[in-house]
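Submitted below is the structure of interest, expressed as C-alpha cells.
Labels for the chains are A, B and C, by order of writing; each one numbers its residues from 1.
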C-alpha cells in the first residue's frame, strides 16, 4: 500500500509541459493556449502598466472628453479606446484597472484561501467537536451571502484595499475549508500518516509535513477556479461603491461611471466589461483544465 | 414532517441570532460609521449627537442589550436618510423585489433544466458543447455589466424596451433576463451532471427492461431523480438572487430591497444597512426552509425518514 | 424435444475504446427451449452480463456495440428490429432481473407506481384494475400484506423484498424468456435459497424459459436443466446439468466444478485455478484457457479448438476431448 508520501509527484511545471501525455488522456489534456495567452497579456498589462499606458489614468483633459474609440467617427489615434466624461483615456484606465483587479485577487486568495486551508486541515485532521463546530460555521457562511457583510464592512471601515480584501476573503474561505476538509479526511486514513503517528510525530507536525503538502494540489486547483469569482466580486463591489475609492481606476468603477452615458458614450461602460469577461472566461477555462489534470475528483465544483 | 419543520425552524432561529450578533459587532468593532457619515470639519457636538442617534454611545455591552431589546419588538433602528424605521423601509420595498425573483427563477428553470437534459442526452455532441459554452459564459459575464449591455442594445440602440424603473410587463423583461442568466447556466450544469449520473443507474435499466418509451424513461424516471440535487441548490440560488438583485435593481433603478441596500451603502446609512442585512438573512432562511420542505416532498427517503 | 424459443448464434459484442477493442462477447452461441432453465456460468468479467444486455439490446453507453451474430426470438432476429420495435417486445416477450435490488428500483416512485407501469405494458386497463393486478403480482412473488406495500417506497423494504418486487416487475408482461443476471448475489445467504425457489416456482407456473446467469456452480445444480460454461467471451462447454457434473469435458469446467465445496462425502481440499484469464483486449489465437490449462499442448496455443459433440446435447471446445 501507499506508504510513500505521494506529494513528491507531478510538479505544476511538469503539468504545463508534460513530458509524455498518457494516451487515454490526450483529449482532456489539450493545453488551453488561447486562455493562457489572454491571461499572460492581462498580467503583463498589470505589471508593466506605467510603461504601457499612453496617458495618465487619473489626469483629466476636459477638452478631450467623451471621444469615441479610434475606429469610430470622431475618434482620435491619441486615445485608442476613447475617453470618458472627464477626458481620461479609457485604454490607460483599463490597463491600470487590471492592476487593481489582480492585486485584489492575489491578496484575497492568499487571505481567504489561506484561512480556508487552515480551517479545512484542522477540522479534517482533528475531527470531533472542533470539526463539527467549524463545519457549522462553514454551513452558516454558505447560507448567508458574504457580499452583504462586505457592504457592511465598506460602510463601517471605509472604502479601501484592506476592506476589499477582507470582504472578499469572507466570500472565499468557506468553500476552501469544505473541500480541503474532505480531502484531509481521506488522507488521514492513509498509511503514511499512520506511519508518522507511529514514529511519534505530533499532530501539528503531521498536519504541516504530511497533510499540507498533499492538499496543495487541490488548493492550487481551488485557487485557480476561484480567481474568476474574486475578479467578479471585486468588480461588483466597486460597481456598488464599496470597492477601491475613486479616482483609482478599477474595471467595476469604470462600468459604474459609464453606465449613465450609454446614449452618447457606450464605450466607457462596455469596454471594461469585455475585459472582465475575457479575463474570467480565460481563468475559468484554465482552471477547468488544471482541475482535470491535477484533481479530477473535484469535477463537481 | 411536523417535527422536521419544527427542527428546521429552531435551527433557523439560532442562525438569525448568530447573524444579528455578528452584524452588530462587526459594525461596531471594525470602524466608526460616524466618521464616515459626517464631513471632516464637523464639530464635536455634531459627532456626539449623531453617535447618540445611531445608538453608538455607551459601552458595547449596554448597546447590545438595547439592540436585542429593540429587535425583539421589531425595531431595528431608524434610517437616517429616509427618516423612517428601517424595518418599515424594508417592507415598503420588499414586494417590488418579490415580483422580480420568481420570474428570474422561472426563466432559469425553464431554460436551464431542459437544456441540461438535452446536453446530457447528447453527451460530447454539438448540443452538449453549445450548452457548455453557455454555461461557461454565464458565469464569466458579470451580471451588472450584462444589465448595462442589455440596456445599451435593447433600449438605447433598438429602443424596444424601457431601460429601467417599474411599470408594465415590458419593464420586467430586461431585469428578469439580467437576474436569470446566471441561473440558466447554473441549473443547466447541475441538471446535466445529475442526469448523466442517473442515466447510468440500474433502475433506469429496469425501466427500459419493462419496455417503457425513451420519453418516459428520460423525462419521468431520470429527471425526477435528477431534480433532487437541482433542488438542493435552490437555496443557494435564492441567496444568489437576493444579492444579484442588488446590482440588477441598481442598474435598472428598480425600487426593491436590492436598490435599498445600494442606497444604504452609498449614503452611508448605517442603521438602514444593518437592518437590511438582518432582514435579508431572515428572508433567505425562510426561503431555504420552504425549499427543504419541497425537497422532502420530491424525495420520499427524506419525507418518510 | 420441445421447441426453441431463443436461439443465439455467433454473437459478438465488443467495447470500442480509445485504448483498443475489448472483445467481451466474442462468438457466443446457445439456444434456450420453451420452459427450460439454462445456466450461464463463468468467472466475473467473462462476458456473461454483457451477453444478457446484448440480448435485451441495452448495452452500456460508451462504445459497446453488437457487431455480429443473430438473436432469434421465436425465429425472428431481434437484432434487426428498430429501437421502437425492440421496445415493443421488452418486458412482454423478453425480460430481465438485475443483480442489485438496492439500485434496481427507482427511489422516488412508490412500489405501486412502478408495478402499474409494468402491468400497463400487458394491457391498457383502468387504474383500479391495475392496482388490483399489482396486488396479485406481489402476492405471486410471496410478499405479505401486498395492499400495504403498494404505497411504500423502495427504501422502506429489505433487499430480499426489493428483489421480489423486481421479479414481479420483470414478469408483469408475461415474457416467454426471462434473463436472471446473478439475482441472488446481492442478497443475504439466508434468503438466497428462498428466492431461487420462488424463481423456480414462477418458472413452472408460467412456463417461461429462464437464462440463469451465475458464477456459482452450486446454484446451477439446483436451478438449471442445462448449463453453458463461458470463458473469456466464449462458451466452452454446454450440456445437460447431470452430464456436466458427472462427466465434465473441458478442463476449465472441471476446474470450476472442483472448486465448488461438496455437500456430501469427505471434506477434501478445494482447488483453485492458477493464473488469470487473458485480457479481453489482447486475446490469444489459440485456446483461451491454454495458459492456465494443465493439459495444454502446442496445438492448443496455435489454433482455437473446434466444437466437439461429446454426447447427446453435449458439446465442448477443446482439442483434447474425443468426439462421441
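Everything that follows uses one rule, which is that a contact is a pair of C-beta atoms (placed from the backbone, for glycine too) under 8 Å apart; a residue touches a chain by one contact, two chains touch by 3 or more.
Because the structure is predicted, anything quoted here is derived from the model rather than measured.
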Skim through the chains and flag the pair connected by the most C-beta pairs in contact.
A-B
Farthest chain from subunit A, comparing Cα centres?
C
Suppose each chain is reduced to the average of its Cα coordinates; what separation in Å results between subunit B and subunit C?
53
Length of the line joining the C-alpha centres of subunit A and subunit B, rounded to whole Å
22
In whole angstrom, how far does the Cα centroid of subunit A sit from the Cα centroid of subunit C?
54
What part of subunit B is in contact with subunit A in the complex they form?
15, 18-19, 22-23, 26-28, 30-33, 35-36, 136-137, 139-142, 144-146, 148-149, 151-152, 155-156, 193, 235-236, 239-240, 242-243, 246-247, 250-251, 261-262, 264-266, 268, 270, 273-274, 276-277, 280-281, 284-285, 288
Mind pulling up the subunit B residues that touch subunit C in the complex?
123, 199-214, 216, 221, 224-225, 228, 298-301, 304
Going by the contact rule at the top, pick out the subunit A residues touching subunit B in the complex.
140, 142-145, 147-149, 151-158, 228, 232, 235-236, 239-242, 252, 255, 258-259, 262-263, 266, 269-270, 272-273, 276-277, 280-281, 284-285, 300
Can you list the residues on subunit C that touch subunit B in the complex?
56, 58, 60-61, 83, 87-92, 95-96, 98-100, 103-110, 117-118, 121, 153, 155-156, 166, 169-170, 172-173
